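Have a look at these structures, which come just after this line.
Consider the two complexes below, in which chain A is the common component and chain B and chain C are the respective partners.
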Partner chain A sequence: MMTNVATGSASQSGWMQSARGLLLTREAGVFGALLALCIVFAIASPVFLTGQNILNLLRQISLLGVLAIGATYVLIISEVDLSVGSLYGFAGMVGGLLIVSGVPEVAAILITLLFGLAIGAMNGAITVAGRIPSFITTLGTLYLIRGATLVMSNGMPVSLPHGQGAAPILTALAQGSLIGNLSNQVLVLIVVAALGFFLLHKTTFGFHIFAVGGNDRAARIVGVPVSRTKIIAFAIAGLLASFAGIINFGFLENVQPVTGIGLELDVIAAVIIGGTRLGGGEGSIAGTLLGVLLIGVVRNGLILLGVTPFWQTTLIGAVVLTAALIGGLTSKK
Partner chain B sequence: MTYTKRQFIALAGAFGLLASVAMPAAHAEGKQIVYLSAGLDAPFWRYVSKGVEAAAKEHGYDFVALDSRNNTQTQLQNTQDAIVKGATGIVLSPTDSSTAPAVLGLAQKAGVPVSFAGIGTTSGEFVTFVTSNDEAGAYDVGKALAKAFEAKGWKNAEVGMVTISQARQNGVKRTNGFVKAMEEAGNKIVARNEMQTYTADETYRFVQDMLTAHPEMRGIFVQTDSPTLGAKRAVDAMRRGGETLIGAFDGVPEFLPMIEDGSIVASGMQQPYLMGKTAGESVIAKLEGGKTEKEVVLPILTVSKDNLATILPDIKLTVFAGELK
Partner chain C sequence: MTSMLQLRDLGKSFGSFWALRKVSIDFKQGEVHALVGENGAGKSTLIKLIAGVYNPSEGAIIGPLGTELKMKTPRDALSCGIGVVHQELDLFDNLTVAENIALGIDDSGFVKPSKDKMAARARKALDELQEQKILPSMRVGDISSSDKQLVAVAKVLTWDAKVIIFDEPTSALNAAEAARLLERIRHLRSVGVTVIYVSHKLGEIFSIADRISVIRDGTLITTRPVAEFDHEKVVDAMLGRQPAEIFPLQVKPRPTQEVLLDVADVHGRELAGASLKVRAGEIVALAGLPDSGPSSLLRHIFGMDHASSGSIAVAGKPIGRSTPRAAIRSRVAYLPADRLREGILPLMSVLRNAEATDEAMHTSDGTTRRRKALAAIKRLSVRTSSILNRITSLSGGNQQKTLIARWLVMEPKVLMLDDPTRGVDIGAKSEIYHILRGIADSGAAVVFTSSDSLELARLSDRILLFRHGKVVEEIVRDVTHAELDRAISAA
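What follows is the complex of A and B.
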């Protein structure tokens, strides 16, 4: 790994190619599982493959997808961010309270996004400067932010005034559809995924992300700014979590103090299913999107079949385990 | 690990500060009512807490609310802390009925009387259990929904339910009451999902998928308050407003304009503030040698567009704890 990083573009390209080959295999596996599930659900439910249901499904996974793209960066650098679910709820609450209290909508959205960026960067900075495992840092932030959300809301939901057309920009972004019946949230996911793909796979920063995740000591020796790369990765995760949170508020026109509890586990599950290695150094945006889609299909299909939500959780657990096993076996090869 | 004297003092100071924040009004020598809540992040328990507080203050007691955060272990720790810090009486809304006997055991040893608000116990000695008739309340919501179907000329309507945990007695009662009303009116439950996170996001997803699977669904019954807001959004997003009607249970302030414009046909509102106040008063009556009842069943108010204006002054206090603007 150190040699690859140190010996120029030809070796880098070889290393990247072999990594990509491995990921492609894993992505192909996830895609195969997704296809198999879709076939089963299509046979079992006549409405599964209807246009309406596919549009619903895409909207349902879009915000999880936005969160998961941010988490992909963090997991590739061999860290984990447990605070994204709390930040998602916190952002909705901050944005909601600001808008309801009369702060101009655009300013409220920007302030919310800045909070997300700052909290994400803080996660990274504490982890790097304090040499604390990110599991611990973000566990602390999870509680801190959840507590702050409860304090701010006094335990009560916050809603846009009913039927008064408050926050027109946010509600148009979250509820509208620029292209036919396709929710804008799906377009948001596509844009975020495209940017995420470009940043991760086509820029020096993206190369640094893989280098830090593969072997941070080697990366530091060859001049990769390890600390800065880690802080930026966490900041991206924070920014995207807050972005998803404020869109969720615009969509539901409501946020509860409990919004986002446990969401971090769905996010991590989606990223792992998509082939990102918990040990870092491997992962892709396409894989993450497949992981998100797989979770969405399981949930949607089981509800259409009238199966209890407890089975959804069980099945997602089984899929995560299977993905981890496949990942382990593939890595040994 | 070794600490310097300065570090030790700083740590002790931090713990002291934390303790004082957690129990600001605790006076070992004073009279104190402690409310052990299942989870203060739910509006319902916050309103119960306000009711207990009102009873305590009216009778000259200090008041402290502790949050079990839906965690049995935290509930037990809170009980121990409350007793050590001098609780005179306890009002308990346990995380689950089966977890209450452990709290009762500790309180009994310390001679502290306990009343229940909302959720009861499977066994043990207590003063009063203040509850609502969930089954009757859900039945009334079902009747109101069936009446709305009839008014629109819909017969044999398909209906879906988003339920609270069916491991809880109140969940089973709400389901039974509503199903009974639907069956009596010739309507049919075609889909049901049980909440896990109790969020509007989750209920949105449930309702959207249920409406996709059953496009003819005419009604949705959501068994608790804030998640109903997700059901409303799903109905709107599927462009089913006026075609799929919503029945709800309990209430948050957001319900009132929705009931007024018919988005929510009816909600069976328990009276959490009154529940807390009654439980608080019962435990105080026990402490002061007064008369108490083993069980108090409070009526559930079925609030609809027809009676909202009449009933609003009452529910402002008994449901919303006087917090409505």
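What follows is the complex of A and C.
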């Protein structure tokens, strides 16, 4: 009898503890902030909650979301990838040039993605083998890749030839809508997020990502392939950056040599707002999606209110600082 | 009894320096084998060889089947059934207990094992330890250090470890927690596990060990059943000479001397009303469990941590602001425990390291500063081929002497040292003891903490015992370090 009572209360308090834990997660905090912002904008602007605006908003954040999912892996292992903005532009340029010069579209897409994967893996390999902080490695590749893009394009934009059928797959992915008026870009984000979630939270590789981010020395001792895990994390970030870049080309039907400059900062901001710990070891795909949504809502809402874009940037800065401060003050160590 | 692990003429050299030489020990199945020795004697090198962290420079490690074990990594050692429960636990604070235990053993497939499967495995290992309080779903960052210790044991048990090495397992535990751990270790022995137990708490060793191996200066001095030892014999074997030859003479309290350090009712992180007075010319030891206040109080006095209330005065004058600069102006000196991260300036020379504080505080002009630094380096006989060498080229003991020289330049009234002989070889230890006595004799107040109770007992003139953030007892009479160990852990 006594034991029954004891186990009963223990499991109950365990349950209550996990419920309280859930309420206190970073994701819940971001979700709360997002909800509050939505309420404010909904009251301030009659347009905000209309179907068309929501569809627009979702489309606008999709590619940022794809990039941010890749960056989540990198930030959880306590590294950073500054080169994804350059890679985004580079991928659009490579894909565009290949298609314009007559390479079959499927081959062009695959080659571009391979470039992204290889450059990402290279970021990881240089960081691991050279024992260089990834901040420096990817600062270097940020310039290298941007330079390559400028050289390749000779500083000129590249456009899809007018008329139907120049790049049917890309235009369908970027401009079409399979479900009602929902842009396919949003579906792309949903698929990438689902795969990203599975890989990070359900596979051994994802398990190793958290282990490496938590304590890479201990990870090595228990036999986690630390270097390989890091390189794959960078490769994923590179792959997704190039994927987003080539879809962007399909959407705009042209690419500038300066496309994606500064984008890496939006990406990092979204991941940090989403609760990924800069010191590594903590973070989630759900949090990152919420962070991306929050940035999207701030931009969209302020535009609807007629605020100048300059204020958007200011407010996003404030959101990043607030998120980082909350993270810093609530973390235990 | 069958042999589980045999060391044959095992040795390890770093360059021309032999950290360990020709050690042969036969670990039997189901025994608790204690490994004792002073800091720097070669214990940790030996553990690292057995655990696959280092590869032997000579000799071999033989497994239970009589074959040589070639272990290149800690993972290899685990696969050979050798697990280590480290002093700084190799656990992941960001993961749950179940995930910590599953990691590395249950992660060969593409998909991660389910939560339930990991929880079941963890439950089984914790049950083997007869541990019910720790739940597999708990986040390791949220559990106490003694529970972490048990999780680490559970982890090596899931690897089917036949030999488990405990490296100073009770240094952060109070008496009740330590007793609980020792009970678990006896249980492991009863099911046939070989336990290699490294500790400098002799009381513990006598209560749990079957045999004791003593290591000194990188060689095995003796291996004998515990019945053939007593405290004094172990200490003699560890030191190789009488304590009197190592430690300077202790001095009786001098109640008439000026009070140089007066701490009253300080509250803060880990502190709950700490008070003490230290007089000119005396050496006072602060003893207690690691989080009971001694180290923390030194950090508060030096302005590294901020007290929420209480007063700190030096030679009758309050320090004022709680910053290191204010403390230094009041002529307080502080040698941190973490020499590498808080002590040395690794990219600078020995000389610049000795001058650093004077330079940062603009205390003297350049010429005076250099003269004082050179004098201090000479007085402490820092051994280096050139004082312009980087400080990192020096041994731990000589680095520590350089840091003491840095403070001698400032002519401190109060010298505080947090575990000053950690990672210092035995020869340099004795030198540091005599240096500290010399500094006290010249009129300063010296306050120190130590993880080594022999040092607490033999170097100090009196001991202040901390418990739960305040001083609970003053020990003036002669006390053996075993008595002191008991007093410290009786929380």
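One rule holds for everything that comes next: the second predicted complex is superposed on the first by the 306 of 333 C-alpha atoms of A that agree within 3 Å, B and C clash if a C-alpha of one lies under 4 Å from a C-alpha of the other, contacts with A are read in each partner's own complex, and residues count from 1 in each chain.
The rule is short, and it goes like this: a contact is a pair of C-beta atoms (placed from the backbone, for glycine too) under 8 Å apart; a residue touches a chain by one contact, two chains touch by 3 or more.
Every value quoted in this text rests on a predicted model; they were computed, and no experiment measured them.
Peer 1: Taking chain A as the common reference, can chain B and chain C both be placed on it without clashing, or not? Answer clash or fit.
Peer 2: fit
Peer 1: Could you let me know whether more residues of chain A are touched by chain B or by chain C?
Peer 2: Residues of chain A touched, chain B against chain C: more for B.
Peer 1: Given the touch rule stated above, what does A:Gly274 touch, chain B (first), chain C (second), both, or neither?
Peer 2: neither
Peer 1: Of the partners chain B and chain C, which touch A:Gly124 in the superposed model: first, second, both, neither?
Peer 2: A:Gly124 sits against neither chain B nor chain C.
Peer 1: Quick check on the superposed pair: does A:Ile221 touch chain B, chain C, both, or neither? Answer first, second, both or neither.
Peer 2: In the superposed model, A:Ile221 contacts chain C only, not chain B.
Peer 1: After superposition on the shared chain, which partner residues are touched by A:Gly306: those of chain B (first), chain C (second), both, or neither?
Peer 2: In the superposition, A:Gly306 contacts chain B only.
Peer 1: For A:Gly70, decide between first (touching chain B), second (touching chain C), both and neither.
Peer 2: neither
Peer 1: Once the shared chain is lined up, is A:Thr204 touching chain B (first), chain C (second), both, or neither of them?
Peer 2: The answer is second: A:Thr204 touches chain C but not chain B.
Peer 1: For the combined overlay, can you note the least CA distance between chain B and chain C, rounded to whole Å?
Peer 2: Across the overlay, chain B reaches chain C at a minimum of 11 Å between C-alpha atoms.
Peer 1: If I apply the document's touch criterion, which positions on chain A are contacted by chain B in one structure and by chain C in the other?
Peer 2: Dual-contact residues (chain A): none.
Peer 1: Okay, in this complex, where on chain C does chain A touch?
Peer 2: Spelled out, the residues of chain C in touch with chain A are 73-75, 78, 90-95, 99, 102-105, 107-112, 135, 137, 141.
Peer 1: Which residues of chain A touch chain B in their complex?
Peer 2: Answer in residue numbers: 45, 47, 50, 52-53, 56, 60, 150, 154-157, 159, 162-163, 175, 248, 251-254, 256-259, 261-262, 299-300, 303-304, 306, 308-310, 313.
Peer 1: If we count contacts the way the header does, which residues on chain B are in touch with chain A in the complex?
Peer 2: On the chain B side, the touching residues are 40-43, 46, 191-201, 204-206, 208-210, 212-213, 215, 226, 229-230, 233, 237, 252, 254, 257-258, 261.
Peer 1: Which of the residues in chain A come into contact with chain C in the complex?
Peer 2: Listed in rising order, the residues of chain A that touch chain C are 14, 18, 202-208, 210-211, 213-215, 217-224, 281-282, 332-333.
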